[in-house]
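Here the chain labels run A, B and C in written order, and each chain numbers its own residues starting at 1.
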Amino acid sequence: MTTFFDKQLTKPLPFSRNLFSYGMGTIALLLTGFALLALFSVLFEIFRQGLPGLTWDVFTSLPAPTGEAGVPTGFGNAIQGTVLMVAIATLLSVPLGILTAIYLSEIGKTGAIANTVRFVMSILSAVPSIVVGVFAYAVVVLATLFNYKGFSALAGAFALAVIMLPIVVLSTEEALKLVPRQQRLASAALGANSVQTTFKIVVASALPSITTGVLLAIARVSGETAPLLFTALFSQSWIETLLNPTPSLSVMIYNYSGSPFAAQVQLAWTASLVLLGMVFVTNLLSRFVTRKR
Amino acid sequence: MIHQMSSNAHSESIVGGDRAWLDRSFAWVLRLIALAAIALLFWMGNVILQSALPAIAKFGATFLTSQDWDVNQLQFGALPYLYGTAVTSAIALLFAVPIGISVAIVTSEPFLPTWVRSPLGFLIELIASIPSVIVGLWGIFVLIPFLKPIQLWLHDQFGWIPLFSTETFGPSMLVAGIILAIMILPTIAALSRDIMTSVPSDLRTASMALGATRWEMIFTILLPASASGIVGAVILGLGRALGETMAVTMVIGNSDLISVSLLDSGNTIPALLANQFPEALDELHVGALMYLALILFALTLIVNILAMIIVKIFGFKY
Amino acid sequence: MHSSNSSKPTPTPLPTPDLALCARGVDVYYGTIKVLEDVSLDVYPGKVTAIIGPSGCGKSTFIKALNRIGELESNMRIKGEIQFFGQNIYSQRVNLNRLRRQIGMVFQKPNPFPMSIYDNVAYGVRVFSRPSRSVLDELVESALTDAALWNEVKDSLTKSALSLSGGQQQRLCIARSLAIKPRVLLMDEPCSALDPIATLKIEELIRSLQQELTIVIVTHNMQQAARISDRTAFFSTDESQVGRLIETDATAKIFGAASHSRTRDYIEGRFG
C-alpha cells in the first residue's frame, strides 16, 4: 500500500510533459531576452556614440559647416525648433483636448455624440503620423498664411497638435472619470453652476492626472519625425520667425544619419542622446506628478 | 453687501434665470468643440482625398497594379510600395507576435520573482517611448552590420529558396521587418499582458488543481480565454507597422523594384512619402503621393476598426 | 534553528498509511506572517470531515496546504508535516501535479472553464492521458452522473459551461474533479455562493460520494456541518490572530458535548 502511493506521488511526469514545460519556459525566456537585448543595445549605443560629442557647445552652436575642424559645432537651433514647435502644439491641443474631454465626461457621457467623439479620437490616435504630416502639408504648407506660403514652424506645430489631440482627450477623460460623483453632487448642492463645478471641483481635483496625460503626449510628439519632414522641413540657422523652414532634433538626426561626414553622424548620435533624454525626463516627470498627490 | 446677497438669493427664481442660461451655453460651447473634434477626422480624410483627385482621375485603379514610378515621365504606380509595406509588416508580425506573447506571459505569470518581473514589463514598454528616428539610427549603424553576415549566410545556405535568392547590400526588407518588429513589440506585449492578467486567477488555480502544469494551464486555459484580445492586440500592432515611417525608411534601402527576395532592398508607402514629399513639385506627383497617403489612411482605418470589432464581438468570455 | 523545533521534540511521526490525510504540528505562514500554528489533524478515509470556525481563522489556508495549491497563488509556506496515506506531501521528491491529481479541490465560487460542459469534465483526464473518444465519453458520463448532473446536461454537453446556473456550475466543478478519480476531495465553502435548493443538492451529493471518497469540507454553516459530516474540526484564532485547531472529534460529540468551552460558545452562538 505504502509503496504504491510512494510511486504515485514521486513518479516524475512523463518525458513529453516535462519537455513541454521546460521547452516552453526556455523559449519564452529566450524570446523575452531578445527583446531586452534590442532595448539595451539601443540605449547602450546611444550613450556610447552620443556621449563623446556632448559638450556645452552642442546647446549653444549651430552645426559647423562640413569640413571645418576646430569650429564649435552643435544643434542649438534644432533644440530651439523642437521646443518651439512642441510648445505651440501643446498650446493648440491642450485647451481643445481638455474641453472635449470635459464634454465627454460631464455632458455627453454615453450619448451618441460622445461615443462618436471617443471612436473618432481612438481612430485618430492610430492614424500614422506621416499621414498627419501629409494633411498638415496640404492644409498649412500649401496655403498662404500671413503672406507666406511654404514650410514653416507653424505647419510642423499644427501636425504635432493633431497628433497630441486624441492623446490629451482620451487621457483627460480617464482622469475626469476618476473624480468621485459625490464631489460633483456636493458642489451642485451648494448651489454652484455647472461651469463652477466643472472647473473648480472636477478639473481641479483631476489636475495631476490631466498633467500626466499632457506630459505623455508631449513626450510622444517630441520625438516625431515623419510629420515634420515636409511641414517644418529643416534649416541650418537660428529661428527668427514662425514662418520659415524650421529645424528640429528629430529631422536633424534623420538628415545627418545618412551623411558621409563623420562629424555630422556624430552630431546625429549626440542629438539622439539629447532627444532621448528629453523624452525620458518628460516621461519620468509624468509619473512623478501623479505619484506626489 | 451680505444683506443684498441674501435678499438676491431669496428673490431668485428656481426655474430659469441666468444660471440655467450659463449652464446651457457652457454645454453648447463644449458640444461644438466636441463636434469639431469629430470633424477633424473627416477634414483630414477630405483634404487628402481632394489633393489625390488629380492622380485618381488620371490613374484610377491601375495605380494599384502598376509598377512604374517615374517622376520625370509623370507615370505613377503603387504596386512596389504596397508590396513592400505588406512584406515588411508580415515579417514584423512573424517576429513580434511570438516575442510579444512570450513577454506577456513572462511578465504576467510567476516564472520569475516579482522584483524581476515588474521592471521587466516597464523596460519592454520603454521601447515604445524611444523615437523611431533613433531606432532607425541604431538600425543603420548597429542592426544592419550585425545582420549582414546572417543575411549573407542565409543566401549561401538557402539561396535556392526564392525568399533568399539575392545577395544583400545590408539594407533590406528583412532588416526593415525586424526593426518594425522591435517597434510594434511593446504594443502587442502590453495589450496582451493586460488581457491575460484580467483572466480570473480562479481559472488558473482550478486548472492546476486538476494536475495541469503551468504551461499546460497557459495553453489550455489562459491563451484560449484571452485569444480574441490577443488577436486585437496583434491587429493594432499591424496598424502601427503599416504606418511606421522613419525606422523603416532608414534601413530598407529605398528601391522601387519588386523583388521576391527578402534580402533585397525595397520600399514602403510611408518611406516613399517621407522621401519624396519634400521635393514634390508637380501637381500630379503630389497627387500620386496623396493617393498613396489616402490608401495608407484607409488601410489603417480598416485595420483599427477591425481590431475594435474583434475585441468587442468576440470579447472576453469573463 | 526555529524555536518550535526545540520545543517540540517530535521525531518524524510514524507513517500512517491508513489515514487519508494526517497533519502533524503544521504552522502556515504568508511570507513572514504566521496565520496557523501547530495544527495536528487526522482525516479518516471514506469519511466527511468538516472544518468550522470564525472567518479569518485560517480554514481556507489549511485546506489549501493539503494539496499544496496555496503556494501557487501566494507566498504560503509550511512548517511541520502533512501525510497523504502515509507519505509526506511536502517531501522534495513529491510531484505536485500527481499530488493534485490525487487530492481534488472545489472552490468557493464556481469556476468552470470557458469551454463546453464536456470539455470541462474531460479537462483533467486529457491533462494526464489521451484516451479514445469512447473511453472519454464514458468517463465524462460517469463523472457527471456521480455529480448528479448528468440528467440535466446530457443533451447539452457541447454548450458553454458558463450557460449553466450557479448550482449546476458548482456540480460541474465537482464532476470535473471526480473525473480524474481523486482519493480525497477538498471543498472550500462550496455552497456559500448558492441558493438553498442548490445547496441541498450539493449536500446530498456529498453524502452519496462519501462511499468511495474522502471529503474535507470547510463550511461556515453549522447546520450543514452537523448534517453531512462524520467528524468536525473547530479552528479559531487566539489573541495574537494566529489560527489554531481547538478540537476535533466525531461530529455528534462536537455538536452535543464539545470538550472545549470555546467550541461550545461558538456552536451555541451560531447554532442556538
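We take it that contacts are C-beta pairs under 8 Å (C-beta built on N, C-alpha and C of every residue); 3 or more make two chains touch, one makes a residue touch a chain.
For each chain, UniProt lists the protein as follows: A = Phosphate transport system permease protein PstA; B = Phosphate transport system permease protein; C = Phosphate ABC transporter ATP-binding protein.
Treat the numbers as computed from the prediction; the structure is a model and nothing was measured.
Following the contact convention of this document, B is the list of chains adjacent to both chain A and chain C. Measuring from the average of all protein CA coordinates, the nearest chain centre is that of B. When chain centres are set by their Cα atoms, the one at the greatest distance from chain C is A. The chain pair with more C-beta contacts between its two chains, of B-C and A-B, is A-B.
Look at where the CA atoms of chain A average out and do the same for chain C: the two points lie 52 Å apart. In terms of their C-alpha centroids, the spacing between chain B and chain C amounts to 49 Å. Taking the mean of the C-alpha atoms as each chain's centre, chain A and chain B sit 15 Å apart.
Across the assembly, chain B contributes residues 213, 216 that each touch 2 or more other chains. Looking at chain A, one finds that residues 13, 17 touch two or more other chains. In chain C, the residues touching two or more other chains are 97-98.
Interface of chain C with chain B (complex): residues 67, 69, 72-73, 97-98, 100-101, 104-105, 107, 109, 111, 113-115, 123-124, 127-128, 162, 173, 176-177, 180.
Considering their complex, residues 1-2, 5-6, 8-13, 17 of chain A touch chain C. By the touch criterion stated above, chain B contacts chain C in their complex at residues 200-213, 216, 220-221, 224-225, 317-318.
Within the complex formed with chain B, the chain A residues making contact are 13, 17, 20-21, 24-25, 27-29, 31-32, 34-36, 38-39, 41-42, 45-46, 49, 96, 99-100, 102-104, 106-108, 113-114, 116-117, 120-124, 126-135, 137-139, 162, 165, 169, 193-195, 198, 219-220, 222-226, 229-230, 233, 250, 253-254, 257-258, 265, 268-269, 272, 275-276, 279-280, 283.
On chain C, the positions that touch chain A within their shared complex are 15, 17, 84-87, 89, 91, 93-95, 97-99, 102.
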